[in-house]
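These are the structures, in structure tokens.
Same chain, two partners: subunit A is paired with subunit B first, then with subunit C.
Now for the complex of A and B:
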């Protein structure tokens, strides 16, 4: 499991999970899950186009991911954001169908982008993966507060000079970079689940933003590591385990949150019964 | 810059002959008024009268077609730290991982780069603001799970923590029950007095503000009338503003503005309280 060629898989998947956990926190906070689905899937068409003209598929992925981000952001203030995202995805998938039909030879390396090639990562591919991941992390930490303010209270943020349009473009470009970095490693389907489920699960375990991001990263790493290990042992696909572990963690989180909610309500009731005269602040605390 | 000797409260907001045109439609025209530090100003008008637009002009988010805005003597600009703003509604999922106190903290430094670094000074400032809006009891709750009145208090603390000179609250009383409404009005009035902030509160119903307003800016038919309640909320002034006959009726200290007798039936939308004229 830790043989030389597996080391690359562990390292690459660790980088992807780390970045997916960080960027996923804002993906869920901004309600951008659909964009996290559309960009990797649409960028797949870019890879098909790149193989058609004989250039690097990563370059094709990057160009299409950035193009998708720009389409979503520029349509976003004219039509509803889910419609803008859908339109961007439709355009890119249409081009993808065209490119694939024009490729005369069977292109397994394109189809592998759907599910990733986690076991086939070469050590030379690790360097650009790590570099793109570092740029994503720096961008997210740099924009942490404006991004958070703009995601939560856009009107107030706008009044303080944080442009909602520019924030949206900035975030989508980071998402495009995550796509370019992660799709060759884990594929379009897995990067989507790694961007959404760990961050959504983290919400059940904490009410602090910083801690939520940390837990999101921890869950993303746990999911990927466990999925690779179990897949190695059983011979079943990694994708199945990433999805299954994500679902189990999320369900466990909801169960934990509602159990705690129940415990708290019981406590409060007991408190209220114990104090016969309501405090002047009672109205605000209840 | 020379400072004249302080004789009275400083002028915080000056709106001069402002006209706003949005996509070819004239929204408000020739709007002028001023606010002094510590003043509680009611921006009164029915839904769609242009109150939110006027606030967005003051915030620098909408460029007026004519006229100018001065905030503390300076031309208004975007990212004006002198202005705190509380929008009408915030929409947050109940499970957003953010405590009320985290949102208040973002009011202090949310425009800066990087994550917030915890410091005793920052925490003390946040605590002080939370206490000022009487939110200690729910400061550690998830902000999305709070009631409308509680979120209103948190957003006031969020706006106030950067020590603005002017605080704009857009329809803070909408969607509040009567007791929270009274608490919020009392809180905002005490903030205006204690922090010497000029507070502008927009509302479609002026009655909850009657006892605390030092100035009324009444928006109707694209224009405004401003002055004390006694000057503005009169049959004569409001009839001139609306361009129709309206009656101002005093009912046990509450004010009803209704269409005048001869226009009865024509201007139902101008009733500020939804009740028919007597």
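Now for the complex of A and C:
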């Protein structure tokens, strides 16, 4: 399980999980799960285009991911963001259908982009993954304050001169970069699960944003490591175990939260007064 | 190639081709169902769920493939189960809607990975993933028509039965609570009809077109009118028009290049839908001084 070729898989997946845990926290906080699904899914069309014109897959992914982020942000002024996201995604996938119809040998390559090639990562492919991961981390910490404020207290953020539009574009661009970094490693479907499930689970365990981010990273790492290990032993796909572990952790989190909620109703009443929302997940969810 | 009159627009054989007829019929049916569900999807801010069902259904489809039952059955059952799961997690509440859909979709994608893996190792159909994503409206078996019609009627029927409570609860949850409309029941009913509608469109025309026809025409229609009935009518007309024109263009595109390779129909339909949306957006944006006022319902 720790032989030479597996070491690359462990390293690459650790980088992806770290970044997914951090960015996922903001994804869930901002209600941007659909964008986290749409960008990797649509960027996949960029990979098809790249193979058509003979440039690097990562470049194609990057161009389409950024294009998608820009479409979502520019339509998002006018309509609800979920509609903007859906439109951006179908436009990218429509182009992808065109690109695919022009190439001949695509099926295995597409399959690998959907489900990733975590066991086929070479040492040279690790360098760009790590570099893009570092840029993501730096960008998130640069945007930390505006992201937190505009997600938690939009009015205060505006009053302090933080532009909601610019924060949104910044966040979508980070998501585009995460897409470019993670899709060649874990595939379009897995990066979505890693962005959403651990961060959503973390909400059941704490109400403090900082702690939630830490828990989200811890769950993302646990999920990926356990999935690779079990997949190695059983021979079944990693994607299945990432999905299954994510679902089990989330259900466990919800069960624990409702049990604690029942046990400590008095505490919750005090909590409720601090927040205007009747949601048990209080303060930072509303 | 010599062209005279209408043959400039309709390349030879368009009207006599069986697959084209079938594509036009299925396209129109899907347009009607998507138009009705689409308006409520857009107004209720459920686009993510509307798209997610097409991916979740694919997991059910691949499970059905393994079990040797009908893929449509797999799509419908999986999506109805997923609709229940989303409701349990809290898809009706605005704050947790996005996460509820995301968590269910994440779990379903994991199952899809497993089923596709088991399916491909036993019979090597790597293309299964691709065909589920992109679909092929020109490769439908004629036997699918009755099933599609029955499910369409069922889905539209549920939406029509729920019509008034749906409008009321979409536009003003507080008012509808005051009037005794059961919010959660309405929401679950809508999700079930959406699950049916999307199962149907995803399995026939693929996930991309399913989402495009559900969201695009409806989003365009609510820019044109604020009355729900008219919006549904416009959405159906836009969906039917773009589908038919897309089928025509895809058919004709075979003759465009010397290599005689038709461009995919999904590319044309999606492009038409998007261009129409942007055009309407630009026009209504100019007409209205403040564009955000036109949005019915709550904004996210």
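Just so it is clear, the second predicted complex is superposed on the first by the 262 of 286 C-alpha atoms of A that agree within 3 Å, B and C clash if a C-alpha of one lies under 4 Å from a C-alpha of the other, contacts with A are read in each partner's own complex, and residues count from 1 in each chain.
The rule is short, and it goes like this: a residue touches a chain if its C-beta (ideal position, glycine included) is under 8 Å from a C-beta of that chain, and two chains touch if they have at least 3 such contacts.
From a predicted model like this one, the values you see are computed outputs, not experimental measurements.
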Original post:
Can A:202 be said to touch subunit B (first), subunit C (second), both, or neither?
Top reply: first
**OP:** Scan A:243 for contacts with subunit B and subunit C and give back first, second, both or neither.
**Re:** second
Original post:
Hey, is it subunit B or subunit C that touches more of subunit A?
Top reply: C
**OP:** Kindly classify A:142 by the partners it touches after superposition: subunit B alone (first), subunit C alone (second), both, or neither?
**Re:** first
Original post:
Of the two partner chains, subunit B (first) and subunit C (second), which one does A:33 touch, if any: first, second, both, or neither?
Top reply: second
Original post:
Who does A:161 touch here: subunit B (first), subunit C (second), both, or neither?
Top reply: first
**OP:** Would you please give the residues of subunit A that touch subunit B in one complex and also touch subunit C in the other complex?
**Re:** 203, 281, 285
Original post:
Contact residues on subunit C for subunit A in the complex?
Top reply: 42, 45-48, 50-52, 89, 93, 95-99, 101-103, 105-114, 117, 126-127, 129-130, 133-134, 208, 211-212, 214-216, 219, 261-264, 266-267, 269-271, 273-274, 277, 281, 285, 291-292, 295, 299-300
Original post:
In the complex formed with subunit C, which residues of subunit A make contact?
Top reply: 28, 31-34, 36-37, 75, 78-83, 85-87, 89-91, 93-95, 97-98, 100-102, 106-108, 110-111, 114-115, 189-190, 192-193, 196-197, 200, 203, 236-244, 246-247, 250, 254, 277, 279, 281, 285-286
Original post:
Touching subunit A in the complex: which residues of subunit B?
Top reply: 59-61, 78-79, 81, 83, 85-87, 90, 92, 95-99, 102-103, 106, 109-116, 134-138, 140-142, 149-150, 153, 155, 158-159, 179-180, 183
Subject >> In the complex with subunit B, residue positions of subunit A that touch it >> reply: 29, 141-146, 148-149, 152-153, 155-162, 202-204, 206-212, 257, 281, 283-285
